[in-house]
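Worksheet: the structure to be examined is printed underneath.
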Amino acid sequence: MWQKNKPYLLLLPAISVIVLLFFGGLFDGLLKSFGYFPAIGETRFTLTAYTALLRSSEFWESLELTLRVAMLSSLLAAILGAGIAISLFMLNKSANSGGTQIWHRLFQLPLTIPHLVGGYIIVLLFMQSGFISRIFANLGMIDAITEFPVLVNDSFGWGIILTYAWKEAPFVSLLIYPVLSRIHRSWRDVARVFGASNWNFIREIVLPVILPAWTIATFIVFVFTFSAFEVPFLIGVTYPTVLPVYSYQLYTSGTLADRPEALAVNIVLAVLTVLLGLVVYYFSKRWNVLKGWD
Amino acid sequence: QQDPTSNAEDADNLLVDDWQQVSELAAGQKVNIYMWGGSENINRYLDEWVAPRLKEDHNVELNRVPMSDSQDIINQLLDEKSAAKTAGSMDIIWINGENFKTAKDNDLLWQEFSGQLPNFNDYVDQNAPDIASDFGEPVEGLEAPWGKAQFVFVHDKNKSENPPKSMEELAQWVEANPGQFTYPALPDFTGSAFVRHVLYETTGGYEQYQKPAADIDDLATQLEPMWDYLNALEPYLWREGETYPESLVKQDQLFATGEIGMTMSYDPILAASEVLKGRFPESTRTFVLDAGTLANTHFLSIPFNSSAKAGAMVAINEMMSPEAQTAKLSPENWGNLTALDLDKLSAEQQQAMNDVELGAATLSLDELEEHQIPELSADYIEIIEKGWMENVAKE
Amino acid sequence: MGDLHIVNIEKHYTYSHQKSESVFSLQPIQLTIHEGEFFSLLGPSGCGKTTLLKLVAGLLPADNGEIWIGDNNLTTVPSEARKFAMVFQQSLLFPHMTVEDNVAFGLKMQKVGKKIRLDQARNMLAHVGLAGYGSRFPNELSGGQQQRVALARALVANPHVLLMDEPFSALDPSLREEMRELLLQIQQQFRVTVLFVTHDREEAFYLSDRIGVMSEGTLLQVGKAKDLYERPENAKVASFLGLKNIIEGKISGGRFYSIAYSGIEFSVNSTEVGPCFLILRPEVLQLATKNIHLASDAIQFTGKVDGLRFNHGFYSANIQVGNYLVDCAVSSQQAETIAVGDVVELFVNNEDLWFVKE
Amino acid sequence: MKKPRSLMKPIAYSLLFIFIVLPFAPLLLSSVSFGWQWPAIVPESVNLRAWEYVVNVNSGTWQAVGVSLVIAFIVTAVNVLLAVPAANALVRYPLRGKWLFEAIILAPIVIPPFVAVMGIHLTFLRLGLTETIFGVVLAHIAPTLPYMVRAVMISYHTLSTDWEDQARMLGAGPVSRFTFVVIPHLLPGIAAGASLSILISLSQYLITFIIGSGQVVTLPILLFPFISGGDPAVASAYSLLFAGVAILTLFGMDLALKRYYQNKKNTAGKI
Amino acid sequence: MGDLHIVNIEKHYTYSHQKSESVFSLQPIQLTIHEGEFFSLLGPSGCGKTTLLKLVAGLLPADNGEIWIGDNNLTTVPSEARKFAMVFQQSLLFPHMTVEDNVAFGLKMQKVGKKIRLDQARNMLAHVGLAGYGSRFPNELSGGQQQRVALARALVANPHVLLMDEPFSALDPSLREEMRELLLQIQQQFRVTVLFVTHDREEAFYLSDRIGVMSEGTLLQVGKAKDLYERPENAKVASFLGLKNIIEGKISGGRFYSIAYSGIEFSVNSTEVGPCFLILRPEVLQLATKNIHLASDAIQFTGKVDGLRFNHGFYSANIQVGNYLVDCAVSSQQAETIAVGDVVELFVNNEDLWFVKE
């Protein structure tokens, strides 16, 4: 009996903690989003919060912004991340390994920095009067502050996008690098013997090899940025704002009557991220990152 | 941390007991003050000036809790109320205006306590409209005044020799200096105040707005000139009005780095203290409009479920003392106008206030006082903010 | 095409930052491999086999020397243009390509059309016994199958020379045998010139037309398997070929004396004089049975049987001669007549003795 | 062959510089700036006001650092206790509905944790869990536990049962097998998971704020008002401090792990 | 202690969720291994060797059957209490412990004091030729050294039985030979009962007192190396042992007829009748030379030499008899007298023929 139930018992603590703390919270939120909110005397289930949400243009604009920000930041992070990974990989080949270890560490630095700080770094760098603008001015590329594009606290979301691109690029390279480093040293030799030039090698071997991991890393960044709060809260604009911040604004609006709508936003957000998560999962299963390796 | 005074009966006694008894009850209590925590000056003033003195003189421990937005304070109280939490940890909160109204409407505040405070009784002009009501909302003793704010414009003397004296002159200046002016996007507090000044000047003075918004027929038409003015301004604003700074702080940053030539503040002394910090240029000056600028009061209040009400009362009383207020006035500490009535102070106390070096950037206390006009009723604010979104921002 | 000439190829590895000191040197090597020949390089690990192979392939720049195919000097031709093919120890198949695409890779690089190259690839896969496996991925194949694919990949583009670097050493023994069989058959079928590297003597013996024995960067001896085995040029080659009974000694006055062992001493025909090694192959030692034919100058030892071990059809006997343990191959029938502890007579024909210097 | 290599390095170095070093420059400069007009690249003069404030005892910085670390470490310790058995079950046993269990445990990676926290906030409030470190620890478990489970699962995947069989054959019972074989093998995975768990816990603002309600002051709680519209110099100083704490903690863990193995080696060497 | 008795041990693997269908079955196995004996299980990959070993070790629960040591029934004793030791294919040294601690691990589990157990560990390390390596970590050792440590670790606690699961198959050939030597020497020294699993016949032949040949979950034959080689009980055993010239045919009317090949037909002494396999070991085939001694009933074939391949001291000749290629061992001397294409006479003594059913 014990033998048979052992794995379930081993799982029990972790599962119950998550179910209680996390799914309990989700469920609680779900009830309230349906208007079941005894604290303000509401015990009926209604769809008011959802219909109000779907009718409000703020919600739709917020959704649009969220998608845009997530899309662009994941794309940028993907490009940057691949760049880092590939240059590290090349370095590893030429340099002695001790040095590259340190490089490796350094490139991961943005990973270890809290998002809040990352966001603030971007603010200082990319404000119109920020560091980059100063550098441009000193290089004579711009003459007035206004010539520098607005990249922080802009309604397009560039600040958020830049922050995530910077923060998540090392993450992307962290996922790509192991795949890349599995490119056997001798493959270059093999390819050459069979007549492949450098460009052939990159096109036929390197790119196809990293593509699945790369895509999945990008997807993960997408899902993450889609539901992140702190950075958009810090360096976004008040209107329109990304969904998590929109939810927070409703949550703290000063009246409990707005709560169901805030929680409805949350539920919509959760459902969307789960759907996105399923897409990632589906691809990572089907399109095994390390297809053909083992 | 649970305190005997938290039970209702004792708490009610606090309002009738004499001050001596309140002080005794307060001794040994720990008082949490929840307030915005984003300013080094203010934090320092609380932590290094107020708290040690409270401890020393009254054996009350003041613990500052940093919040990033006063809205969060109200929200938290709302939650505690709905969860029927009776022994809360907020003892003093720093609020005013809309937040006060929300708190009052939702019964989040304790009772009329300010009348119990000796310093309130001795030094405050209780009948002044900006003390008796907070953005049009009668205070009813639920909060005690802590300091005052008056709207001033901040400019760089080198960029605008003769600052505008009216909205009309301002418009001319803006047109002549494209990209040098902007105001924070509403609902920013200061940005909203700027728009209210426009309202007063373009629609014929503040008097009409002292009654509730609902009492005005066809408010929308009445507001039109204001939107026209703002929209006319837009092409000459910073970034051609495509976007507005997210908050006053962001705007101040633009000013600090010289990107714009003018900013504004609800704190007449802020410019001076920023110069002192080296953030604003030495040539920074402030000015007010001839028609006056908005002034309001910020308050300290005690939440309904405070666990240390006696301590809170003592702390608030102490923070209203002439010494604390004088220290607060100094840009070295904070640079915030006093909530006390200068006339009620003793000669030395007055002298001490006047001796505070406000810096070249600050107007004299007298000049400021001469140009104060009252806030309008809080319900306009929402209308203006919504209207701004639709009529100005989205265009 | 023509023969592959390796002309005084030379290579020195140095530490990255100390140009002067060389950590490993491949001494100038001169070697001709005939067209269609199966040539093996045999040598212990680290002797420079892979280095030589890579020099031939052009994957390493040589410090000196030239590579020719027939009349074409390939020395400055980059590897991708040499039309050589190579099979490595690991199959090194590209894991993200199907087996077919792997095999067709070389043709693709030569811009052969898709249909044609896939046809050829399938064809070649059939040759290595993997018809129908084309659309699998390499990780869905066993180690042996992967090596077959690697072989197919190497052969499909019709290389001038097939270079193989210990292609079977990662496989397990029975697979290895199978693969040898296959390779031999394929090589005979395609008549491709093969330069094969291994440290496994069985393998080299089984596969090669000729063998080159290497040690520490030099090519010690080149020859047919039997010549190497029966006539090694020095003790190093002999011991690397696994020859037993290599006895250090000296010849003087027409007699051979072992230095370390008593009891091994006899007169020889050899006219040479001085220190040398005697090599007594286990097969040339014959037990004294009734009907044995000995040359008149046969040499006789007396010894005691110390061990007897069955070894696939024959026995290995350890026979103590003096204080030396002679290894001796004994047939099953003979083995039944002796037992551990017996004293036996051993004979060797003088012509079967082999002496080498150093 | 020579040319591209010699080019590679400078390119990579400048990439590193632009990507890693440059972003920190304005943070550092702004934290010590006094009068920093555009377009000056460096401030006119250096002023340590912000740093003085930040390291000042009264500003509560060190207490916040302490609280942050205490929470992060407790959360991590709890995570280890929950994750090791769970990962064991998920990797080693053929479970019915394994995908469901995995999905449940990994869900908080995808669904942002504040969604659940906003939902459960009132319940926490009623239970008296708000404003307590304990409550905040509970709130931090959901977003961190999945990472720990992942990391330990990966370790378990690489631990073939042969090792335990080997230990069994040498006479080791279940407890010995766990302490001598399983734990040492899982340690690097646990360390990796712990790094993530600590980092994530340290970085939480929203859920700490909602559950801690201002009474649990962690670094992000202190930092947030400054970043979201306060004094930039102080915000910069805090940001640097915050980043420093995070990096040092992770680095320290890494070092401790290395030490652990190093020590084993050294003591072994001495005997 | 006493002998190890494996009594009708049986094991069926099933798919996890379909209880009914069994994917692999180890048929009931009955086997006694004597105390101090070196017994090898030889069989192809997947035949159930590891399964049987794990059943003996107690690492897998048996479906049926019992394990005894002398008079002790160990069937229900958990593995950690059986006092067996096991060496796996990978050395499985604990990477976080020094070599010494690894070796001493078993003693530690038996609560032997630190000083004593380390002494014993060092002692045992010296036995396997690794004195002085004690304070290294496993990853600082080569593969062969690691396997030595694993051996030391297994032996140090004086196990009743030493189980070894292809312990050398991950090593390269020359190391493997060295390790065999060492193992043999150690086993003779400690007189431990060894149950050794391998798929390498050389290894089994070289090491074992007795060998059990397994296939697809059944134990086909048990015996000494020579018996298995010369008298395999069926074709499966023969082919797994690598015997050449296994010819399917039938006996009827005192004559053997090959089914598939012409030209192989002769009269036999055997009284059996029916389909069978003839096994002609390469060594029993003799070339017709002048002085050959034949039994009167010797059988003669005529064939053409098709291939001749040097093979360590002797030659393998492929001789085409009818349309069958006979593999035949030829001595060097004889090989010099024949060439590919020659027609030769082959003889076999009737007593050297071996017939098996199936």
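The chains carry the letters A, B, C, D and E, assigned in the order they are written, with residues numbered from 1 in each.
Basically, a contact is a pair of C-beta atoms (placed from the backbone, for glycine too) under 8 Å apart; a residue touches a chain by one contact, two chains touch by 3 or more.
For each chain, UniProt lists the protein as follows: A, D = ABC transporter permease; C, E = ABC transporter.
Given the structure is predicted, the values throughout are model-derived calculations rather than measurements.
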By number of C-beta contact pairs, the top two chains: A-D
For chain A (ABC transporter permease) paired with chain D (ABC transporter permease), centre-to-centre distance based on mean C-alpha positions, whole Å: 17
Chain centre separation (chain D (ABC transporter permease), chain E (ABC transporter); CA means) in Å: 54
Contacts with 2+ other chains: residues of chain A (ABC transporter permease): 39, 129, 145, 251
Residue numbers of chain B (touch at least two other chains): 69, 72, 82-83, 250, 253, 257-259
Shared-contact residues (touching 2 or more other chains) in chain C (ABC transporter): none
Pairs of chains, among all present, that meet the touch criterion: A-B, A-C, A-D, B-D, C-E, D-E
Contact footprint of chain B on chain A (ABC transporter permease) as seen in their complex: 39-40, 127-129, 144-146, 150, 153-155, 237-239, 251-256
Residue numbers on chain B that touch chain A (ABC transporter permease), as the complex places them: 69, 71-72, 74-75, 78, 82-83, 98-99, 102, 106, 179, 185, 187, 238-239, 243, 245-246, 250, 253-254, 257-259, 389, 393
Of all residues in chain E (ABC transporter), those that touch chain D (ABC transporter permease) in their complex: 16, 54, 57, 59, 78-81, 83-86, 88, 90, 92, 94-98, 100-101, 105-106, 109-110, 118, 135, 137, 153-154, 157, 163
Chain E (ABC transporter)-facing residues of chain C (ABC transporter), complex: 169, 172-174, 199-200, 202, 205-206, 224-226, 229-230, 242, 281-283, 291, 293, 309-314, 329, 331-332
Contact footprint of chain E (ABC transporter) on chain D (ABC transporter permease) as seen in their complex: 94, 162-163, 165-173, 176, 180-181, 184-185, 261, 264-265, 268-269, 271
